[in-house]
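In the two complexes below, subunit A is the common chain; its partner is subunit B in one and subunit C in the other.
Take a look at the complex of A and B:
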């Protein structure tokens, strides 16, 4: 596929969508070497900087394990790998949205990129029928409160952890892990809610509590004028629906017949900016200031999501 | 007033899934359904609680999606018992 690059006047070899996908892939590769064993550059750097001795794998930054420690009375310290990671992750989400999910998380990226290899007719658009925001916030609440009621929803439910087991080879040696419900997680993450879901990020959209935490902070932060967010210029939008089709989280939709304005769900958006990259009229931007979604009038809040597929066709 | 009712209905619709998943997670954790790993460090599998949660959530999503799809087919506009999901009220 080729496309005219208006800035250079040359024919680009890739469409903006594919070019931006490649650009995002660099971020996910970086995220992998930063957070995943055996590299864990993030943990190693923070260990050296803070004098901490956290384990050099993804568990050093795990929200659940550290929360359990907090409930157990071990307390919270900013000058630890987890404390610093937690503050940085939360702060970045508050200021610029879930950038970790959208630009660094290799687990979410794997299912998204693999799903692009599968024809659309084999995929289910779950978000078209079921609102993921409520479910993921529910998981977050349950996930955070589980240690307080004396239980735990743990690593077998974590796609992030599962990926590290695959890449470090520990998946094949830990037969106990494989005989646990982790297999179900893998099937949901990579299968039903992965490659066979439109956008490929069904697991992120419905089940990831870390993403929900960041989305909640983003929803709060986006109300402030100095934070970065996906901004919309309704006057520039041509309702071409390219952004709707490209959004991996299915956070954008158009009404039937494109009779209403574009609708955006900030609670599922991961600010990957794929929509911004493919928006030729420049109606979508990632910038500071008022978001522009509020200027559409009240009617847009009642668009049946079931129309999205037709609008995007 | 009408707008407020509409917003409340939307919020309730959104909260329904959240209440279900939160209750499910907590109930599974509190009853220690299956064996759960307390520290997450054993490396030998965190038991079956996660599977219960995951499968139940997936089943819930599938049933809800199926119901809405069927009701949309039966009444292509809006169905009273299973309305199609609405947009995020916070962005309006």
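Take a look at the complex of A and C:
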């Protein structure tokens, strides 16, 4: 694939979308060596810095457990790998959106990249029928409430843990991860919500409490002028719908017939900036300041069910 | 239509759209919450047959057999790795104790995992008061014993590191009620061991 780069006048070997996918992949590879065994550089560094003795695996940074501990009153210690990781993740989400999801989370990236290998005609575009923001916040609430009603979910449906078991070769002997719940997790994460979902991030959109937590913080933080966010310039937008097609979370949509303005759902955006990379007119930017979306008028967020993404489909 | 009518119709339309959006959000939030709660309850119910989990105080002088029933497994587990037996033992001690753990019995490739660390074979676990350590044991049922009433029985050995003083020999028994097996002891939920709900 080739494309003309208007800023340089040269023919690019890759489209901006593919080039940016490769750039993002570097971040996910970094995320993998930072957080997953056998590397866990993040845990090793924080252990050295804080004098903690957290075991070097993905559980040492499990952010879901921190969320549960906050809710069930077990307490919170900042000067531990768990505590420091949670604060840094939450702080970064507040200031610049779910960067962990968009640029570091290897589990989310795997399902997204695998999905790109499958033709779109085999994939389900869930946002045509489902309100992903409602689903993911609802799932987060249910996740936090589960222990109070006698349930158990923290590690049962965890894609992080499953990925680590795959990469350390211990999937078939690991006790907790060979549970029926783990089998269902794999089927959902990589199958139904992965390669067979448009964008490949159905698990991220519906079932990841860490993502929902960060999106909630981002929605709050984006109201502040000094935070980073996806900004929109409606006057520059040509409604080409390339961003709509490229968004792995299906957070961007155009109404039927492209009659209305571009619609953005911050509650599902992971600020991966794939949309920014493919926006030739420069209508989308990741920057500080006013976001520009509100200037479209009060109805900008409404797209009737069944029409979402129509223009990009 | 008069100007006044138009100007009043617009807010009404917006209000209706906002109401629809809100309703849709709430409906799907309820679906999401129900899915999470349903999944959690499914996990709790299914995990009893998938992985036996118990609390165990060390030293464990007279531990009853811990039993896992292959016949009670949910279909996803039967579908994948149905012959892998898995136990999680939450070890506790009243005073600091260094415990060496091992598995005795006719199982090839038994794995021990300590607090999620997969490379814990023959490791020493340092128990501390008011702190639990999750010890997970997994092994494949020998092919020749599959489909029998009691496909496997192994023992979890606990010795004091350094002195070698025995601290417990806990039978881990795999039964299969689908092939005539019957529980002879109480499994993960028995009193005295304090079963827990998993993670």
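The rule is simple: the second predicted complex is superposed on the first by the 288 of 313 C-alpha atoms of A that agree within 3 Å, B and C clash if a C-alpha of one lies under 4 Å from a C-alpha of the other, contacts with A are read in each partner's own complex, and residues count from 1 in each chain.
Convention: a contact is a pair of C-beta atoms (placed from the backbone, for glycine too) under 8 Å apart; a residue touches a chain by one contact, two chains touch by 3 or more.
Only a predicted model underlies this, so the values are computations on that prediction, with no experimental measurement involved.
Q: Looking at the combined model built on subunit A, do subunit B and subunit C fit side by side or clash?
A: Pair status: clash.
Q: Just subunit B (first), just subunit C (second), both, or neither: which does A:236 touch?
A: After superposing on A, A:236 lies clear of both subunit B and subunit C.
Q: Kindly classify A:50 by the partners it touches after superposition: subunit B alone (first), subunit C alone (second), both, or neither?
A: Touch partners of A:50: none, neither subunit B nor subunit C.
Q: So, does A:219 touch the first partner subunit B, the second partner subunit C, both, or neither?
A: Only subunit B is touched by A:219; subunit C is not.
Q: Have a look and say if subunit B or subunit C is in touch with more residues of subunit A.
A: B
Q: Which partner chains sit in contact with A:264 here, subunit B, subunit C, both or neither? Use first/second/both/neither.
A: first
Q: Quick one: is A:141 in contact with subunit B, with subunit C, with both, or with neither? Answer first, second, both or neither.
A: A:141: touches subunit B and subunit C.
Q: For A:30, decide between first (touching subunit B), second (touching subunit C), both and neither.
A: Neither partner.
Q: Check the residue A:126 against both partner chains and state whether it touches subunit B (first), subunit C (second), both, or neither.
A: first
Q: Touch test for A:17: subunit B only (first), subunit C only (second), both, or neither?
A: In the superposed model, A:17 contacts neither subunit B nor subunit C.
Q: If we overlay the two complexes on their shared chain A, which of subunit B and subunit C does A:168 touch? Say first, second, both or neither.
A: second
Q: For subunit A, which residues lie in the overlap of the subunit B contacts and the subunit C contacts?
A: 59, 130-139, 141-143, 145-147, 149-157, 170, 174, 176, 178-181, 184, 206-207, 298, 301-302, 305
Q: Which positions of subunit A touch subunit C when the two form their complex?
A: Its residues touching subunit C are 37, 55-57, 59, 130-143, 145-147, 149-157, 168, 170, 172-176, 178-181, 183-184, 206-207, 298-299, 301-302, 305.
Q: Of all residues in subunit C, which touch subunit A in the complex?
A: Its residues touching subunit A are 14, 17-18, 20-21, 24-37, 39-44, 46-47, 50-51, 73-77, 79-81, 84, 86-88, 109, 111, 113, 115-118, 136-139, 197-199.
Q: Considering the complex alone, what residue numbers of subunit B touch subunit A?
A: 3, 6-7, 10, 13-26, 28-32, 34, 36-41, 43-55, 57-58, 60-61, 64-65, 68-69, 72, 78, 83-92
Q: Would you tell me which residues of subunit A are touching subunit B in their complex?
A: Interface residues on subunit A, with respect to subunit B: 59, 62, 64-65, 68, 124, 126, 128-139, 141-143, 145-147, 149-157, 170, 174, 176-182, 184-185, 188, 192-193, 206-207, 219, 253, 263-267, 291, 293-294, 296, 298, 300-306.
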